[in-house]
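Quick notes on the structure that follows.
To keep things simple, chains are lettered A, B, C, D, E, F, G and H as they appear, and every chain counts its residues starting from 1.
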Amino acid sequence: MKTLSDYLQAFRNGELTKSQILEKIAASSIVDLSHTRLDMQRRARTGQGEVIFGQSKTTAQILEIADELRARGENVLATRLSQEAIAALQKNFPEARASEQARLVSIGENPPVSPKSFIAIVSAGTSDLSVAEEARLSAEFFGSRVKTFYDCGVAGLHRLTARIEEIRAAKAIVAVAGMEGALASVVAGLVKTPVIAVPTSVGYGASFGGLAALLAMMNSCANGVSVVNIDNGFGAGYNAHLINSL
Amino acid sequence: MKTLSDYLQAFRNGELTKSQILEKIAASSIVDLSHTRLDMQRRARTGQGEVIFGQSKTTAQILEIADELRARGENVLATRLSQEAIAALQKNFPEARASEQARLVSIGENPPVSPKSFIAIVSAGTSDLSVAEEARLSAEFFGSRVKTFYDCGVAGLHRLTARIEEIRAAKAIVAVAGMEGALASVVAGLVKTPVIAVPTSVGYGASFGGLAALLAMMNSCANGVSVVNIDNGFGAGYNAHLINSL
Amino acid sequence: MKTLSDYLQAFRNGELTKSQILEKIAASSIVDLSHTRLDMQRRARTGQGEVIFGQSKTTAQILEIADELRARGENVLATRLSQEAIAALQKNFPEARASEQARLVSIGENPPVSPKSFIAIVSAGTSDLSVAEEARLSAEFFGSRVKTFYDCGVAGLHRLTARIEEIRAAKAIVAVAGMEGALASVVAGLVKTPVIAVPTSVGYGASFGGLAALLAMMNSCANGVSVVNIDNGFGAGYNAHLINSL
Amino acid sequence: MKTLSDYLQAFRNGELTKSQILEKIAASSIVDLSHTRLDMQRRARTGQGEVIFGQSKTTAQILEIADELRARGENVLATRLSQEAIAALQKNFPEARASEQARLVSIGENPPVSPKSFIAIVSAGTSDLSVAEEARLSAEFFGSRVKTFYDCGVAGLHRLTARIEEIRAAKAIVAVAGMEGALASVVAGLVKTPVIAVPTSVGYGASFGGLAALLAMMNSCANGVSVVNIDNGFGAGYNAHLINSL
Amino acid sequence: MKTLSDYLQAFRNGELTKSQILEKIAASSIVDLSHTRLDMQRRARTGQGEVIFGQSKTTAQILEIADELRARGENVLATRLSQEAIAALQKNFPEARASEQARLVSIGENPPVSPKSFIAIVSAGTSDLSVAEEARLSAEFFGSRVKTFYDCGVAGLHRLTARIEEIRAAKAIVAVAGMEGALASVVAGLVKTPVIAVPTSVGYGASFGGLAALLAMMNSCANGVSVVNIDNGFGAGYNAHLINSL
Amino acid sequence: MKTLSDYLQAFRNGELTKSQILEKIAASSIVDLSHTRLDMQRRARTGQGEVIFGQSKTTAQILEIADELRARGENVLATRLSQEAIAALQKNFPEARASEQARLVSIGENPPVSPKSFIAIVSAGTSDLSVAEEARLSAEFFGSRVKTFYDCGVAGLHRLTARIEEIRAAKAIVAVAGMEGALASVVAGLVKTPVIAVPTSVGYGASFGGLAALLAMMNSCANGVSVVNIDNGFGAGYNAHLINSL
Amino acid sequence: MKTLSDYLQAFRNGELTKSQILEKIAASSIVDLSHTRLDMQRRARTGQGEVIFGQSKTTAQILEIADELRARGENVLATRLSQEAIAALQKNFPEARASEQARLVSIGENPPVSPKSFIAIVSAGTSDLSVAEEARLSAEFFGSRVKTFYDCGVAGLHRLTARIEEIRAAKAIVAVAGMEGALASVVAGLVKTPVIAVPTSVGYGASFGGLAALLAMMNSCANGVSVVNIDNGFGAGYNAHLINSL
Amino acid sequence: MKTLSDYLQAFRNGELTKSQILEKIAASSIVDLSHTRLDMQRRARTGQGEVIFGQSKTTAQILEIADELRARGENVLATRLSQEAIAALQKNFPEARASEQARLVSIGENPPVSPKSFIAIVSAGTSDLSVAEEARLSAEFFGSRVKTFYDCGVAGLHRLTARIEEIRAAKAIVAVAGMEGALASVVAGLVKTPVIAVPTSVGYGASFGGLAALLAMMNSCANGVSVVNIDNGFGAGYNAHLINSL
């Protein structure tokens, strides 16, 4: 099998066209597991390696991807896992750290971002904890320091205002709330920091699985709020980490 | 033409059946203007006379209804009026009081409810004023005293908290907000008073004409909130007045 | 550990800034159970203590919160409980009163509101009973007297009109209905009392989980209706109690 | 040009295949106006000729269709007309009867259905009149007798119950209502007659252009209700006429 | 206990007011089972007795209602039953006829409507059978004769056109279809008979549980279609029976 | 029993009317299995025989249909099968080929379309595989050659661009993607071939079961995209095969 | 200014890196008009040049783009034009052909595709004409031959079946329909050809601007249907042309 | 009038309670213009002063707010302005800079953020320009440097990839796109920078005023995307500036 160097030489010699060499280069960065084609360029391109989105994958597929990533020296973060998949990963990778609440497993540690800056994760109610924890563990996996401010819903504003000075010190804020999602607006009105809002599916009836909170956060009357998908704790943690890394 | 007394006598005499007398009674309470059949029993039944909902009525129809009500000694409240209808009512009824901002005209005064108690109307932004004013003028028409707390949006919490003691003294609270509608939750978390929430159509994009605020208010994490239709300042003022009258 | 008095003295002495003393005060009113931060100020602020929203909480969390509240002399109301959580609460608190139909447990009794006034709970069909019962038991927990008028759906108007005089005597009315939710409009057209409407998820097809009833109640052609979330019996009972307490 | 008889003979002679003769037959029943292909078979097939749906047609197109239909001895009903189209039809067809309120023109008279039976059209409010009138005039065009019961909204039930005996005598009932559309359920609970419900776009905010009324009518707790499109007075009149003709 | 006659006499004697006697009369027609208040007037008022809507009722409640109705000489129709409820009804009422496919039980027979007229039930696919059967058995319970035309979806038009003459002979037509619901339009374009359309929840993805078919049927370009709720076979059968009984 | 030939003769003799002979012809092409009426004309009319849509059919019904089709020499494709139905078909038809991932069984082979042309199936992620496989196996059943390009999501564009020359060589392209469905636009911007887009229900929260992807594909800024139902791999494979057969 | 050849030489000489040369190549194919960057590679890549989407562009911008394209020898198709933009294009480009009905202008002629094959455009009603014409003129611009079959709505099936043999002869079919959109299913059930369905916004009430037709077409029970955006005549014409060109 | 210092002294003296002094402090930071209560604390709290949201405010109100802010030395940014309001601001404030395309006026300059870092604003099409410009001018007003990359829609990927290295150098990226909104996913898959996505209302039919793009961006398969409201260029510019300022 020819190596990438062989191909590059052939190109300089005029034996390969430009589009041929480009395809060779791109192809070399893909690991094909038949069901999944791992994108080994992602770290170079986006600063982070592939993350395993566990939903709708079989446990066997998840294990195979994790194996391949570990074999290539990558750390592994897998989200939205079934209990079965969590158990399998813990068995196969003794160094794995798992959270059943956040439905997440991480293997390996990324180098820490500057220890001075941190991310604040503010959540509204006990029921939002699993999403908030997914955000926290994701951000920590990528190397950010996190402080949590849980159960700060706006029905009891002093729970939030009592800690607002600490929250203001963060470099990025994640606001997690279901129901009417008012937390994002209230927090953003009190700080100078970008707020990543995560609507959760906590609620019933006219919450329509988180739609009420999503729309509310989209329409925040306070400046500085941007929104990720319903229950997307991972996405919020990732975004906050990107900001915290600046 | 026979009077209701005649009919009642005929019934006692067995000349009319029960269902016949019932229809006679009901019919006597309806004034038929061909396009509209006024419900003259409404005051006895619900405590308030008919209110004219101006939308989709012609100016001529509105004037005719107002004439008929005045002729029978009723006070008149007309809402959702066009500028044309407002002008016509002002011309025909010199004693009318009109608000272009609230698109509303009232004629005559109802006796005041006890002067001690009052309704607090809290609104989020300048753009919500027309709805808030519809609520205020409606409640005042029915005889309630109102204090307004405008432009208290949650993006600047201190504008609200600076006046919360005054708001707490109200017997009923109306909270008017568009965009994410968080005001209702924040107010309800700070008071012991029932909060009537009015979502407004203020906003754009994913506010979907007030739907975002409506859903948020429906899902309030604070207890004590109930909700009326988008932009329904009249309904909020009416509900608040019912509570204030207790 | 310093007490709040110590801190207050330090403030008068100028040893603490204003924002420092404010945070101390607020913090002293929060009981931190790691998953939940109880808001012990809520009674002072809103007239009622914390209520446990059971959905998405584990039985262990619910028990811990109930323990903490009881330890501080609070009565407990827990809603949206699983059968497991009901059983656990009944076992741990022999004085608890539970309703499987309403998925609710209460512990302790609040002092009764004036025995003369009462709340009327009107419901449309047999299938709406669990929501109506949640409203009844919630209002009773807070100290209100309740009379129920069940199975009064508009398909048989005389079931409602036969009892309308009793309903008119109430200080607040809760109207519970699924399907097309017409009950709220019909009741409100017959009374002088504020009507709290509760749409239920009873129905199928184009009821869209209660959305049809919610929209109908929002658009009531009768005055005096305000609406709470789908299936939110607790919220309706709470609102009605606030009005009944005036 | 060959006639249909020629073609039929050719078929019996074996000169045309079956599918060829079928296409000839079908084609002979279509009048091609380039923009519109009139279906001259419709009366034979469905009992009624073509009706002109005026919306999105130019006035010139509408006039051309009306001319063609009249030339062939058909009566004409045109709905959803602009003011311009109404005026043009009135000018070109002096015998035309027009209603600006119902946005409708009819030309010619269909033979009356049995004079004993009639259709009852019940409507909720003044604002629903234009739709109710479209239903009335459509049913009358097809030959049915109609009695109207306007402004019978459920906010004042006695306006309806006062006339229920008359309504019960109808062979078909049309119920027209916007806002929460409760009228359909209340009427259907009181009669033995099929009820055709027409939601109207009357309302604002969460009526969502008639969706609230449509969903409510779809979910009627009373038996015997079927529903046509929002503001579709014509469709209701047509359906009621079909039933009235049985 | 006083009888209704006693009360009527008291009224003629002037011992009871009109509103008192009215309530006595209405109350006498209601059987209170605590969870359900049976409406014994319904047959007189609407031509049919109460039907048991089985969804969200317990088997015990359903049995109790059936017992009460049978004890008063009423026939019983129960719909949307669980398998458990079907079995229990069959055990308690040996004369019951049950259909698991249609999730329905009937007890007793209503007198047949004129044997000449019949209802045509046309359905689109095999998957729509349970709804079509609910329509058939409901109509038959009330006394109508039914002919079925199943699996006539528009993807193979000749399955429908081959039988259209038979369908045209019906006095009322029920059209049952999921997916895109085109069957209703195609049938209505071919007949002179009112078509009751039933959207079903058959489909997936963008059928949104029957919403696609419901909207399509609402917007039928053919005249003579009215629509009942998604999967509401009972409602269609009932409406068709009302028409067939004329 | 008379044969179709008898009827045709009778028609030429004038013993049957045209509409009578037409019904005879149509009826002869329908196989009635009581629950299902097989359309044996479909191959002649549309080029393909009936396909069994397994969802909401019982295993017994599916087997009976497959038996009937096989008895008449038809190949069989059955989609959206339960595991039970797959097993039953495999047991009864040893020659059947099944895919649990695609929930599909095929029996018999259609003659291959020209071996030179092929369909490209491009999919976004591992989670979209079952839909992509349904498309592939369906197209292959009808006789098309297929090349797959799986896991080419736009988050790693080079996975797609590395293979774009191969994809360009296809005669039709199927693009399968959930979440934001951007794959369809990106592919269509790079090729001259019609792209059949299949939104999948892969995702969570605001993907609303595939609605987000469906809307995105509908609004593609690139030309040449048309869309089938959410998760409709079969439909995409069928459409692509029609194009590939040209 | 250096030419692309200069850059390529520099790359062979090793003076430019690979990514530098790639950017040079890509950049050379873009014409920057400040508001718009024309993609001059598009013809090579997708087989067709840029099309001007006129909506939300000023007339000045549209003219500038058209000038630039003409200057480079490209033919021009501009869609969704205002009347003002149509007039300006006609004035500036005397050779332009314009359709006010289709809101479209074309300049220049593409070489015709094989004269034997053609596209059939079938539409449901007069009101759908503007969308159907947009499809026709777009396909003709690209060089396809088109036959139109207008006003073939399913309310009069024979208008469609009379011409089905002609339609079957097409290589691709476009089906245009608003309201319930049933035309697509009925056509697809009768042909062996791919059907591109275009929902139109024709209708009112519960058509929700074309959503009803879109959902219906998505859920077609007939195989072979794929769907483009509401009112997207251009897209349908383009897709049909791609297929017709095979 | 007493000053804040007077009040603070009174508090130290014990003449004011704590809650009294708190209200005095909060009140001193609010400028009451009757229609609007300016939040003069906002800069201290959130780092930026008040921004005027012009929609639903009268020109007179906007001018009065701008006057007040300028009088207090604040710079002014006003968004969503009518042409009338833009002209009035330009007349009253000669130093104002206005953009009709972005519907925005700024008065005064904020000190620049570090000149090295910049924000990249990438937009999909010409029609998205007004939103992109609102983002650019907002970010520049707050002091950020911006580079724009307009008309980079994914239908012509090379327009984007040609400039990706420049985009990668940004500290924050704003991605503006309507229609299917795929741009956000494609950009985020190629960079290490947080991407603020702005859906625009550009499109028609099933774009539902930007909802399609909003949902697509919410469901991005690429990491690092967060979303603001439809057409909310200001919000994106503000968020990007917050990140750029870190």
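Everything below uses one rule, namely that a residue touches a chain if its C-beta (ideal position, glycine included) is under 8 Å from a C-beta of that chain, and two chains touch if they have at least 3 such contacts.
What you see is a predicted model, and the numbers here were worked out from it, not measured in a lab.
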Degree value of the rotation bringing subunit B onto subunit E, based on Cα positions, nearest 5: 180
Chain pair with more C-beta contacts, A-C versus E-G: E-G
Interface residue overlap between copies subunit C and subunit E, same or different (over half shared): different
Centroid distance [mean C-alpha coordinates] between subunit H and subunit F, Å: 48
Interchain centroid distance [CA atoms averaged], subunit A/subunit H, Å: 26
Subunit A-subunit D separation of Cα centroids, rounded to whole Å: 57
Numbers and ranges of subunit E residues touching at least 2 other chains: 22, 45, 125, 155-156, 188-190, 205-207, 211, 214, 218-219, 222-223, 229
Residues on subunit D engaged by subunit C in the complex (per definition of touch): 124-125, 153-157, 179-182, 185-186, 188-190, 203, 205-208, 211-213, 215-223
Residue ranges of subunit B in contact with subunit H within the complex: 125-127, 129, 150-152, 155-156, 158-159, 161-163, 165, 202, 204-207
Of all residues in subunit C, those that touch subunit A in their complex: 19, 22-23, 26-27, 29-30, 35-37, 39, 41-42, 45, 53, 55-57, 61, 80, 199, 201, 209-211, 214, 229-232
Contacting residues of subunit B [partner subunit C, same complex]: 45-48, 51, 171, 188-194, 196, 214, 218-219, 222-229, 235-236, 238-239, 242-243, 246
